[in-house]
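Look for subunit A in each of the two complexes below; its partner is subunit B in the first and subunit C in the second.
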Partner chain A sequence: MSPYRVIRQGVTSLGTHKLRTFFMLSGTMVGIAALVVIMAIGEATERRVMQRVNNFGPTAMMLIPGGGRDLPPPDPNVTTLMPDDAEAIREQVDGLTVVSPMVRQMAVTLRYKGNQFQAGVFGIRSNWHAAWNWEASEGTGITEQDVATLSRVCVLGQTVKRELFGDTAPLQERIYVGKIGFTVKGVLEERGVSPGGGDMDARVVIPITTAMRRVFNMEHLSMIRILTDDLELLPEQTRAIRTLIRERHHIRRPEEDDFRIVTPMGIAEMVRGISGTLSALLTALAGLSLVVGGIVLMNILLISVTERRKEIGLRRAVGARRRDILLQFLTESLSVSLLGMFIGGLVGWGVTKLLVRTTSIAATLAWEPFALGAVCALLVGLLFGLQPARRAAKLHPVEALR
Partner chain B sequence: MKFSRNLRLSSRILMAHKLRTMLSVIGMAVGIGSVAIVVSAGQGTERRILQSIRNMGTNLIVVNAGQTRIMAGRKRQTATVTTLLPSDAKAILEHCPSVALASPVVTKKLTARWGAGVVPVEVVGMTAEGYVIRNTTIASGRVSTPEEGRAKRRVAVLAPTAASNLYDGNDPIGTRFRLGRVPFETIGVTEPKGMDANGVDQDDVIYVPLETAMRRLMNVPYVQSIYVQAAGVDKLDAAEAEIRELLRQRHRLYGRPDDFSIQNQATLIEAERETVRAMTLLVGSVAGISLIVGGVGILAVMLLSVRERTREIGLRRALGARCKDIQNQFLIESTMLASTGGAIGVIGGIGIAYLMPLLGYWETVISWPTVGGTVLFSSTLGVVFGLYPAMRAAHLEPITALGAE
Partner chain C sequence: MLENVSLRIDVGEYVAIMGASGTGKTTLLNILGCLDSPTSGSYCINGTEVDNLDDDALSHLRNRQIGFVFQLFNLLERATLIENVLLPLVYAEFYPADAEQRAVDALSAVGLQDRLYYRPNELSGGQQQRVAIARALINNPALILADEPTGNLDSRSGTEILAILQRLNREGRTILMVTHDRAVAEHADRILTLEDGRIAEERKILHPRDAGAELSELAAKERIDESV
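Let's look at the complex of A and B:
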């Protein structure tokens, strides 16, 4: 018998036993649907992680004062990180493109005419713009000239511009940072959410020298931003910087660091938090329901083999080979699981859309869950179909006919 | 027909179809087992978190200087705030009727040195009331007296981890060591407290009198927190409100936001419990999907077996069995399938839940009401998924059934 005819036979027999087919379908269908929904939610989380990491800078490191294993913010009470440390890193660690020291103060009151707003104020060098890949969209950024002359100029973040100026043009206007007057020389591009979940656009940047001597009266740095040439070198460079700073701060074992180095990997881990483990666990549980669905499929197929002994015997008697019987039952199980995959994929897609529309759960559909679903369905069909099919093929024609 | 005879008949039929029975049971067992594991892991997490919150103290309220923001899942202070003073603690004790005890607290990370040992350690400065509020009990030696505090005496009480790190097995009582550059005398060692809710060791701490810490170690006139003990569990919320009003008045905050934040143990417990429960519910319901798939499997097998046994049913009806007898027989079959699966699943689940803490640190609680509930639930599923096939079997016309194939 031609394989084509055998396959057709398998599919036809599914059509005639609708109820049985439906039950065989249901397990695979529910499992795949659950898999699609859960993976879509996991994908959304992962995208958020990637977006935050990109905002931080995939090739960046940040050296911040204050020990411990926590991630930012920097500890404002630790005053040991000095401008000389930044110089030393730039000179002694290879393969770094930018070393940008900065000072900052949170929640400084800014005033422009009647408007008031509290924002972070950052004292920066001109290479800060390159270090964060963050240029001025209007006017110009901070230059080395501004830093050298301690000039009172500032560049505003978008949120600050909106809060202080509304729709009016901010350039060359005079605002107060704390009690000191500054001239607005530019506005930064929009940046969005920081890795910690704050608004990155609620900030003002001013020259670092002006900040340290005229505004905050501080000698120490709040952080050093470092960019590397090569992502491969990042772990090694992190180690080199750590050794260097420990030495410069006279920290001997077993004393702990009085600084931390934040890496993109650290940021990803922080944003991902428990959700990584959770989504792996949920995917595994959805996979488990697929296995249970497979067991159900196998069980029904086994019953169907017993029920159709006569039919099998007859077909063997009129010339069907064992291979044909095997193929017929495998076709049944495979087409059922593939159909289950198809319907399950559709249901999963629908549920995901519904979730996004009606709840605050973020979910992103990509091709991966569908591909994985297809592979799983094939595996389930083959794995759980094989045993019943072999059992059917092994039946002795004479005995089966009786 | 008697129930026991029905039972015997059903079990004999199930045994006759070993493979079919086994597969149905496995499907059910996997579903029930995963639900059981998830539930016990959830309860374990809940118990661990609640225990660590209770370990912090009885009826505890913590007032922190500055607003804390939750960043990356932990509470953090955003800036140094110098407005919370020891006199605030005194005022809270005097003017808030729902407050039983109050102790100002300062902390700083310092290096402790003894002999060759150099260890970084958290130094906590607090009054004698602080020990009572935080449930910190002394294992050997004594607590510092208020007089020692007033005289700014350099005496220290060590928590067990700090003591063993610094002294490496030697008896610490009566010895002198240095915190930073300042010499201290060890006068006591506390009982161990274990980890806090964030998994940080609470025993890597050295306690010194508040005044000594403020004057000799940190040189600050302000404190970071005030530990408060409410007069009773039911007074926690009242105490929080009183403290807020008092501090706003004392700090002259008219219209401005609080320059302190208050953590109340009751709300903390409630919030943590909610989080864990929501998580357990989410994971549990995904685990429940396999349970439903397994149940549908039983439904399918029962339906197919009704069809297979149409003649048998017809024969039994002809010989005097009533509709109800047929229905009961099939119901018993499906319930037996489901509850056997449930029992196996629960045993497997308990086994894994028991092994989990031994292999990793995911704590699990095996609570017998939950186990019983799960088994009962699986039997109920058997009834639910068996009802339709059983009714279908019961309503077969005897004549047509006998005539079938």
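Let's look at the complex of A and C:
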């Protein structure tokens, strides 16, 4: 007795009842296709999250003035974040590698000979380079000596260099930041587009002291960039910094913070945000459609057991045992759901490609949805095929032949 | 419902069972065909005691010892003739290496050697019943059970089927046929008549009707009809 021939009976039966087979596999197909598309979108979201977190710095925090929960830019009207705050954090919170205060102003007019360009100007300490892992590719960066002497030197972003100097060499040239003349001592590495979509290279960095006293005439900070030693410690450090700053700013219980601490987790949460909820919902829907597909499969199989009583009776009469009938019907349901998986996987793959090509929805295909789809299809085939198969096997040959 | 039925069929016999509906014909057939076991009493086929066998053993017995021919042919509509004939071998303990050849031989024995890859709906009723007979032969069974084999056929096709059964019987096959039609039953060697679940009458036919001869007569008559 070879099960192989019984299995072949099941497969042949599917081949000869094409319409019925199509209806049986359609549910599984739609479910798997939906699963593939949704997981591709989810995967793309996850990658974007990873990319943003990496851009931000996986071990970084940013302390910015102004309450609320949104991401930067910092609120320029809140003037409570002071250089002393940065000092206090550096001294009192353990396990931090870098505490880098900075000030900035957006859209400052820069001039070099006949050329003009508007860019952000950032007043920094020397440790800014380490805090952003962003060094000068030509010349040198800002040093502590520059900061101590309030020197009028600047380091240009690539975009600024291009706009002001074109192809000529910028080093040791003199440019005007607002009304004050600066000597170009370096050019920063290219960084490209920021996570927020801005041009990160459209900037000039100058010593923080020069910026505060000679250019902007401001006392408060725009931001403190903080790097931690150990990602494990980050939540604890965030809490410590928050307590410290609230204390220093004399903020009492019901009052809200006048600052925000942005963490990689916060960034990830924000990027996932709506798309995360949406993709969870859609995944649930795909699961639901698989279940519905399974129920459709089961019902068609149950109907087909009733319809094929005579066939079952005949098979029993010529010697099929109960388990042969069971095997045949299980083969049918499993083949159908696996076939549904293959077609659904192809459809999902196609739809994903189409989405990426024709819409702005990001989607990345990986192997996981296909693996999960295969498992789901197997489960659907077994789970929803078993009941009809058992009913078929239980039919008494005499009843079936009647 | 059967009561007190005692019956012996010898190898090579051709027995017909008659009776109106509700007299227990079907029940008897189910028991003889190992589709059902008697509630009491015993049944022995080809040396095997059938009572107290489990479902698997009964299936195996049907597969080995019985060839069924049904009133409604019971062919797989979407399978080819050869696939239909091979069906019992799918469930056989060993799938013989010469299975295909045996199917071809069986189909040749019923005159369908030219239609191996036809499907049942491309055939007439008589031809379909011949496929069913070929299917019953493939396992070389001890007993061929034919349940109203001509019940769904016109008289000419019916006579053809009876002729084939008679020829198989002459070649040594044991055949048991159930029918309600006396003229059909008289092709057998022995007729048992059932009434109220008992064998009411048992009759030996000394000169059974010859289906082959009847066919020739029919053909002759048709020739006359055509010439008129």
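Quick note on the criterion: the second predicted complex is superposed on the first by the 391 of 402 C-alpha atoms of A that agree within 3 Å, B and C clash if a C-alpha of one lies under 4 Å from a C-alpha of the other, contacts with A are read in each partner's own complex, and residues count from 1 in each chain.
The definition used in the following text is that contacts are C-beta pairs under 8 Å (C-beta built on N, C-alpha and C of every residue); 3 or more make two chains touch, one makes a residue touch a chain.
Only a predicted model underlies this, so the values are computations on that prediction, with no experimental measurement involved.
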First (subunit B), second (subunit C), both or neither touched by A:Arg5: second
Partner with the higher number of touched subunit A residues, subunit C or subunit B: B
Touching partner for A:Leu19 - first (subunit B), second (subunit C), both, neither: first
Subunit B versus subunit C as contact partner of A:Ala202, first or second or both or neither: neither
Partner chain in contact with A:Ala320 - subunit B first, subunit C second, else both or neither: second
First (subunit B), second (subunit C), both or neither touched by A:Met298: first
Interfacial residue positions of subunit B with respect to subunit A in the complex: 19-20, 23-24, 26-27, 30-31, 34, 38, 71-74, 76, 78-80, 109, 111, 118-120, 279, 282-283, 286-287, 289-290, 292-294, 296-297, 299-301, 303-305, 308
Of subunit C, residues touching subunit A in the complex: 30, 33, 35-36, 55-56, 59-60, 62-64, 66, 68, 70, 72, 74, 76, 78-79, 83, 87-88, 90-95, 135, 139
Contact footprint of subunit B on subunit A as seen in their complex: 19-20, 23-24, 26-27, 30-31, 34, 38, 67, 70-73, 76-77, 106-107, 196-197, 252, 254-256, 270-271, 273-274, 278, 281-282, 285-286, 288-289, 291-293, 295-296, 298-300, 302-304, 306-307
Residue numbers on subunit A that touch subunit C, as the complex places them: 1-2, 5-6, 9, 12-13, 16-17, 310-311, 313-324, 396-398, 401
